[in-house]
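Shared between the two complexes below is chain A, which pairs with chain B and chain C, respectively.
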Partner chain A sequence: MITMSVPRFWRKQVARYNLIGTHCTNCKTYYYPPRNMCPKCRRDGKLENFKFSGKGEILTYTVIHTAAEGFEKQTPYVLGIVKLEEGPSLTSQIVADPEDMKIGMKVRPVFRKLGESSEKGMIYYGTKFVPE
Partner chain B sequence: MRDVAIIGVKTTRFGENWDVSLRDTITEAGVGALEDARVTGEEIDAIIVGNMSGGQFIEQEHIGALIADYAGLAKELHVPATRVEAACASGGLALRQGIHAVASGLEDIVVAAGVEKMTDISSTSASTALAAAADREWEGIMGATFPGLYAMIARLHMHKYGTTSEQLAQVAVKNHANGVHNPIAQYRNKISVEDVLRSIMVADPLHIFDCSPITDGASAVILAPADIAHKYTDTPIYVKATSQASDTIALHDRKDITTLAASVEAGKRAFKMAKLTPNDIDLVEVHDCFTIAEICAIEDLGFVKKGEGGKFTEEGNTAIGGKIPVNTSGGLKACGHPVGATGIKQAVEIVEQLRGDAGKRQVDGAEIGMTHNVGGSGATAVVHIFSRDR
Partner chain C sequence: MSAGIVSYGAYVPRYRIKVDEIARVWGDDANSLKSGLMVHEKSVPDFDEDTATIAVEAARYAVKRSGINAQRIGAVYTGSESHPYAVKPTSTIVAEAVEATPVMTAADYEFACKAGTAAIQTCMGLVQSGMIDLGLAIGADVAQGAPGDALEYTAAAGGVAFIIGSKETEFLAVIEDTYSFTTDTPDFWRREGMPYPEHGGRFTGEPGYFKHVTHAAKGLMAKMGTKPGDYDYAVFHQPNGKFPSRAASILGFTKEQIKPGLVVPKLGNTYSGSCMMGIAATLDQAKPGDRIFATAFGSGAGGDAFSFTVTDKIEEIRNKAPTVMELLADPIYVDYATYAKHKGKIRLA
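After this line comes the complex of A and B, so read on.
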């Protein structure tokens, strides 16, 4: 199963729920997922939390027919790389009809269930995207 | 720094080898390479082994010690054994670390090996294990699979450059045609473009025949200082370059999704070290974990311009007899992909080709060959160049 332990998920839960990443005030670059060190400025970087608008566009996508373990019930599902308007890109599921998917299409974030560790186990929530 | 030569090689049969364990298969490869090099156990200074995930595949870590033990090199000789890991580039990394050890002068005879035993668990569990080569926290948890990540590379490559599903399929068709002539290959049957396009969709646009299989197998090479290589063999193959480069672990953080920048950089570093260019290479084994990966590889290594890999393949330039034969072994697609072993197997194929021992898949007059081994979706790339001439 592609799952994570409770503390591992909880550690970045706020970032997952609210699309909170980081912004380096030194080089003005935005990062999502959040980072503890600016990859451009390294030790000279000055990072602060930043809440992304969530507006973005589809850089590329696929329709997954053979699912990752634990995602079997969701097939076929659309997985995409979303380029956020502030700059960074992330991987997420796109809640859309595969037929409607296009590179470059505008998307916005939605709060969704990602999966569960078992039938009676923890439910993971996070951010997916839908067409604008 | 000393020049390094490969003096012995062996790859086991690749496939679903339910009758063989990890320790059995790696011992077979090691012994075969030692016999090929006519080296005794007492001469071995060190073992470096590439293994991606004994922990997940067979719940066994401490693979280095296990191998030394079962090869009879632990209890009396106490030969040091080190496991290295870079996902599917673990084998290439083991070779590189072995070359470092010999080149530095610290060790003389080093066994560089790779092994993976992947079929003791279900293919679903194996896919989960492989997904650990991507970013578990920000890719895997969203439902990303490895075919899914490469499918996203393929989709954008098609969008930007007009690459077609037929061109992707041509990679699999060509590699299966090569695999027919490789006695150790997992698949030794020809397939057609139609077969690929009719096969089930795994992650659109990649069909199951666009994907390399799950495989058991091991491979080993014996490294020695070039100055004493002729003591062991009449046909030492010399290491002209070893290089490695890193990129972001997650595909979404790359500068360009259709370029494996680690491959570009490792390629450049290797050509610089060997003082060669892509035009000098007679054949190359690239990391075709998916058909799109071979197209990206030949572009990123400089054999063809970015975006033209599909057309180049379709025109037959990468077949045996073409401008630059790619994956004469059958590649990961047809020969199989025991992840930790692949990087070593690639080197073994080049050595057999440069020795002139490749039988029906022999590239005429092969003098210089190259290997390209990738970890994950491109976070690690390892490149080597080998030559008949020192």
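After this line comes the complex of A and C, so read on.
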């Protein structure tokens, strides 16, 4: 079960569907999730929306055996930190057999259900990663 | 102005269950089912896959294969009998995920197994009238069969997306014509709020499938003045392997003509994706100049027939997205318990 409110999820929906973050054209840094201000350049920063290719590699991962509410049916499943080829890292569920996981393995994005608020509530969609 | 297929994309989940495994649980004779249905295994969605995620993956492959700017898409129609929401369109999720929003129209379709081809026909009308530049027509399903029901042996998961346009230089196949045959026939239905469909058993055969498929197919050939021998390939809705094989034989098409598109033995019935999956698998190996005849069937009931001619463009873009055979390769087999868990057949407290 995801307890996030519907408007809160919806505000970041496009970023979740299509891995859209930001790029500071001043210091050339890429950010995901998107930033409103470049933390390095502050007021000198020039941010533009940037769509990440989604290609990346596993920096590290963990296998979840005792899941949060709503994810019990999926255990054991993998949560990983994916380093995107443009630079930023993000945490995501990795759709793979835990036995096959390796640090440094290449991954690509897929569109999946991230969760739902309840049987009668919203279904939340977004990006997960699978081995390349 | 003519209409044509500008691109196509298919998606099949990685998991499969064998007919033998389902038969083991219900005490049925697997060999007689496999030879009767001509289906050996079927696709099973992952825990986090549904009609929307399958439709998105197929649509993204269609956009990728052609390299078109998705902002040119003026309409998205998703046909399915397993939309994740009763009220809230699947098509808006797809449109946002392929970045076709916001200046466009969208709606969801339902017509049992032929809602996807109904979406193709709608897009043909919109592009030919000049109302839109490109249309995205999708057939996708995570089909449901009640535990122990005959449908459980074939109800599968998968989807196909076609991008329909009117600029001839962009066509990978020209849609020469289409013809539909529709009546009110209660061969299969699912009431609001019910988890599994009901069907009329053998009633789904002659008065349902065969009547509508043969009338639509004969109607189109009569309208166009063509005959089975004019076509290199043929595709018929494939709820199992037996029905399309028999329909082809009744109409005068050969086994060789239907072979490339007959993907049901290793996939199962992807419902709204079924006939479109056969067309996609045929396009995967068709040569420029080849003609393809296709007829979809949807219970309730209707048949949509199409005639296509493949263009030179196919060779240029075919390999820019996975083929149906590539999607069917390397499956992960699951047992009945895992399948039941994936499909939500076991309800947790």
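Definition applied: the second predicted complex is superposed on the first by the 130 of 132 C-alpha atoms of A that agree within 3 Å, B and C clash if a C-alpha of one lies under 4 Å from a C-alpha of the other, contacts with A are read in each partner's own complex, and residues count from 1 in each chain.
Just so we're on the same page, contacts are C-beta pairs under 8 Å (C-beta built on N, C-alpha and C of every residue); 3 or more make two chains touch, one makes a residue touch a chain.
Predicted model, so just to flag it, every value in this text is computed and none were measured.
Q: Who does A:V63 touch here: chain B (first), chain C (second), both, or neither?
A: In the superposition, A:V63 touches chain B alone.
Q: Name the contact category of A:K55: first (chain B only), second (chain C only), both, or neither.
A: Touch status of A:K55: no partner.
Q: When the two structures are overlaid on chain A, which partner does A:L114 contact: first (chain B), second (chain C), both, or neither?
A: The answer is both, since A:L114 touches chain B and chain C.
Q: Please name the chain, chain B or chain C, that touches the greater number of residues in chain A.
A: After superposition, B is the partner touching more of chain A.
Q: Have a look at where A:Q74 lands relative to chain B and chain C in the superposition and call it first, second, both or neither.
A: both
Q: Which partner chains sit in contact with A:L90 here, chain B, chain C, both or neither? Use first/second/both/neither.
A: Once the two structures are laid over each other on A, A:L90 reaches chain B alone.
Q: By the touch definition above, which chain A residues appear in both interfaces, chain B in one complex and chain C in the other?
A: In the superposed arrangement, which is not itself an observed complex, chain A uses residues 74, 93, 114 for both chain B and chain C.
Q: Residue numbers of chain C touching chain A in their complex, please.
A: It is residues 46-50, 52-53, 56-57, 60, 84-85, 93, 96-97, 99, 341, 348 of chain C that touch chain A.
Q: Give every residue of chain A touching chain C within the complex, in rising order.
A: 13-14, 17-18, 72-74, 93, 95, 110-114, 123, 125, 128
Q: Taking the complex as given, what residues does chain B use to touch chain A?
A: Result: residues 124-125, 127-128, 131, 136-145, 147-148, 151-153, 155-156, 159, 200-206, 208, 250-253, 257 of chain B touch chain A.
Q: Help me check something: in the complex, which residues belonging to chain A touch chain B?
A: 1-4, 8-9, 12, 33, 59-69, 71, 74, 77, 79-81, 88-93, 98, 103, 114-115, 124, 126
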